[in-house]
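Below: one structure in structure tokens.
Per-chain numbering from 1; labels A, B, C and D assigned in written order.
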Amino acid sequence: MSDDPASAGGRLLIWCPDRPGIVAGVSAFLAARGANITASDQHSSDPRDGRFFMRMEFQLAGLERAADEFERAFDDEVAGLFGMRWRIAYPGRRKRVGILVSHEGHCVLELLTRWRRGELDANIVGVIGNHRVLEDDVLAQGVEFAHVPTPRGGREEAERELLGHLAGRCDLVVLARYMQILTGDFLDRLGVPVINIHHSFLPAFPGAAPYRQAHERGVKIIGATAHYVTEELDDGPIIEQDVARVSHRATVADFVRTGADIERAVLARAVRWHLEDRILVHERKTVVFAGE
Amino acid sequence: MSDDPASAGGRLLIWCPDRPGIVAGVSAFLAARGANITASDQHSSDPRDGRFFMRMEFQLAGLERAADEFERAFDDEVAGLFGMRWRIAYPGRRKRVGILVSHEGHCVLELLTRWRRGELDANIVGVIGNHRVLEDDVLAQGVEFAHVPTPRGGREEAERELLGHLAGRCDLVVLARYMQILTGDFLDRLGVPVINIHHSFLPAFPGAAPYRQAHERGVKIIGATAHYVTEELDDGPIIEQDVARVSHRATVADFVRTGADIERAVLARAVRWHLEDRILVHERKTVVFAGE
Amino acid sequence: MSDDPASAGGRLLIWCPDRPGIVAGVSAFLAARGANITASDQHSSDPRDGRFFMRMEFQLAGLERAADEFERAFDDEVAGLFGMRWRIAYPGRRKRVGILVSHEGHCVLELLTRWRRGELDANIVGVIGNHRVLEDDVLAQGVEFAHVPTPRGGREEAERELLGHLAGRCDLVVLARYMQILTGDFLDRLGVPVINIHHSFLPAFPGAAPYRQAHERGVKIIGATAHYVTEELDDGPIIEQDVARVSHRATVADFVRTGADIERAVLARAVRWHLEDRILVHERKTVVFAGE
Amino acid sequence: MSDDPASAGGRLLIWCPDRPGIVAGVSAFLAARGANITASDQHSSDPRDGRFFMRMEFQLAGLERAADEFERAFDDEVAGLFGMRWRIAYPGRRKRVGILVSHEGHCVLELLTRWRRGELDANIVGVIGNHRVLEDDVLAQGVEFAHVPTPRGGREEAERELLGHLAGRCDLVVLARYMQILTGDFLDRLGVPVINIHHSFLPAFPGAAPYRQAHERGVKIIGATAHYVTEELDDGPIIEQDVARVSHRATVADFVRTGADIERAVLARAVRWHLEDRILVHERKTVVFAGE
């Protein structure tokens, strides 16, 4: 929490069955308390019997100190009427982020570089690697590094140790090319969103060495997908995707390098949007109220 | 006007100085009349002392028949309080579109093809060319063609003739590679928005044969810009831009062909967004509430 | 065949095991006959024991009249030494193209529009549809249309009828959203390359209504792939791919419209590159010596 | 120089008036010495009376040791016949690179990060800043930093000091957001290529605060251009350009952040292509034989 003007604002996210009067109800509530809506975006999956999603940024002096009362009043006076699910985020309360890595540094270093430039409004609580190869690079950015190896047969213990580092200490965990599968049990106990990044091809290439497979198949486009992690491997709600063109001249090494460039850009956007409370998840799908 | 369900909807566009309560005021007005807001997008140029822009789509049974009363009530009960400029568009009232061309057909044929596929919700009142070369292609699409030549020294008469075809008969005029400059006097008398398309380069190449100049300069990106026409040539509010990559292998002819592909795509998007009432102009700038 | 200067040129395509001296051998052969190499592109899949691919455009007065002798000499003096597979195409001999369609016109009309603008150097021998819905649009472009229905259980007869129209009369067949599967037997008897276009998603959505599936999954990128047809459905060598971004705002209809725009652009590029003899196929992969 | 297999290769670049026999002459020379051409790309600005450009990569055991004799022979036996300008680069001889910066770190840190990942095959001899703000970040990458301030009226002395650091010690100088104009005299004395990066807009916005101007104008595309530096400010031969889309939602700060992302990507590609000897300059234009 802080006293600067930014802390005078809130970000309200709601989702509920669509019906007339939602926007009027919410905005009347905010207006009655003197809040100024500075950004608003809404989405209806279908005007008839669809789902309604909305994100509002507003300014209201003294909001954080009165947060509990404000939230209780919103729940009583508005949310109940419309059967809303909702949350309010306070930019003044920075999200705490833990990052898991293996041996490839392009994603974690992109995140740390942007964070140091002030593009990611978060507290980075630390980086945990199942290898030590990135330790020096992480420390050079002024961020703590912990080594939690994942020896064959040691997943249970590794997840226990990870939870010791992360549970209750993070609001978000980012898998920045962490090459281990996390169990559903781990995700449950962690209890906060987890964002992952992986390469994407048209068509898809399951199995080992996907860049080699894609090269042998002569694809002309390679891409990456950032998504929330669910128990279904690589199949959680998609947050962001991007692609780049490649030609027959590109070697497998060129594919890998170009793929790395896309991965780090896509992951950075996904993490930024999450930190700015721009993403709502409904069923297997995201609504991303992107700002730019 | 029509009786189909689509005609039960309206698109409200407003712009005014930003201050608390605008969204609440507008949405309460709509809710009180039983309207269901099916899409809403807003933009504030600056939360402090900025301009506020909003577009709402709503459904309301019987709206079109009661349009006059509805608009009067909105003006009295809402717009006045906030110093709003506003308009309501009725999807059931198709916009009438006139198209001006010279001798290049790629833009006009793209528009007519999309229109026939149902992508552009408009009545095409006709195509006017200062050459006859596109006449057969236009007629083959089932659209009228008029020839209004622009001989040297004959601009005044040509503009008079164009006004005879267009004034009072169009809600929008599209310059689909019309290679004549229109006077401010003509634009005033026409009295409806005019959309133009032109090539764009980094850097810009004023003067004749811009594709040849860009080729000689070895640009790696070529583009196109669609904009509203003002008296300042090629300098009105930008609606849409896009680009494509080119390499040293591309000839001037490749530049021209690629440029034509971008021009027709960009112009088609700009016209569609205008027809869907997604564009607000403020000073020299557009706010485009794009749907996809 | 023609007498214009363009007919004085040839396009030589070769592919063979890579080893020193290939370029020297080919270019010495051409130089000895007075040919001027005006474009050359080569690719080696791997400098050690890889495959070598090359495309050369050259000018040589009187080439077409002397084509038989020229090809025999090349085979004797060069190709044999290097174990080459090769072919020479003569721009003066326009490729004959047949197009198959069903009920969606965006791809075929894009091809015909570009063809009429002179961008596709081919003779369009006709369009065949298993529906009649596109007949008028095709005829309006001055191209013949034949109706070959494919009733349930009538595939064998339909393919026989298609072969009557196409076999021996085409150098290329384009499936411009032709929604029927062609048998391996048909492809064998046809004996010329067949290019197909289909949508592409990350991840892929097999089965019916892929756009609806992709929409439900919330993908952020949609694309299209043009490929040569083999017996493996949608799995032949990829010629070209492209994509466009979509957001949660896009409806299924927006997905379909955007997808159609990508499909027609990708198919048009693939067909143009084929007509310009820019594509070599090796195993399941293409080498595309794109010109721009 | 090294003994690894990579050092057994050369990259030959030539440019000359186009005429028959160039490729044959060059490739026969290479074949006669047992070289294997592993990549070849050529470009003719015009088959009739145009300029011819070619880049060949070849493998030849013992090349570097015999470089002087090899180059003399090439000059005598081939280059003279065709009036060629040419050079041979040896991948085993790493280019020495100096980087100039001011206070923005996104470009220099991108270069150093890629360099440490092995994507840029160069020796970074050091970073020189006219401010000290990036000193720690540069040192953390294991690269030397020197401070050469540019006080008002002190340009002459500053350039003298820069030359002391760079002249004779670099094969390339990169301006990674160096916000000082370099004199023609400085460029002459430096005597090696200089690559610069700057933002690019459609249309262009000369003068101060271009991002603010572009934002006020409502552009939909922002970009960056990397180019060789000549005395004409921001007007040397273009190496690479790229762009990103922005909407009305983007603030000036979003423009700046997005612009920075494009700048660092474009500069990194331009520097990599230069280091790989993929760029030929002719008059005000580049031919870029990009590898991927």
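By definition in this document, a residue touches a chain if its C-beta (ideal position, glycine included) is under 8 Å from a C-beta of that chain, and two chains touch if they have at least 3 such contacts.
Quick caveat, the model's predicted, so the values are computed rather than measured.
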Report the chain whose CA-based centre is farthest from the CA-based centre of chain A. C
Centre-of-Cα separation between chain D and chain A, whole angstrom: 37
Indicate the whole-number Å distance between the mean C-alpha point of chain B and the mean C-alpha point of chain D. 42
Spell out, as numbers or ranges, the residues of chain B touching 2 or more other chains. 43, 247, 249, 290
Taking chains as nodes and touches as edges, what kind of graph is this: line, ring, star, complete or other? complete
Hey, which residues of chain D end up touching chain A in the complex? 105-106, 109, 113, 117, 119, 140, 246-247, 249-251, 254, 257-258, 261, 265, 290-292
Inside the complex, what are the residues of chain C that reach chain A? 43, 200-204, 216-221, 223, 225, 235, 237-238, 240-243, 247-249, 284-288, 290
Chain B touches which residues of chain A in the complex? 18-25, 27-28, 30-31, 34-44, 47, 59
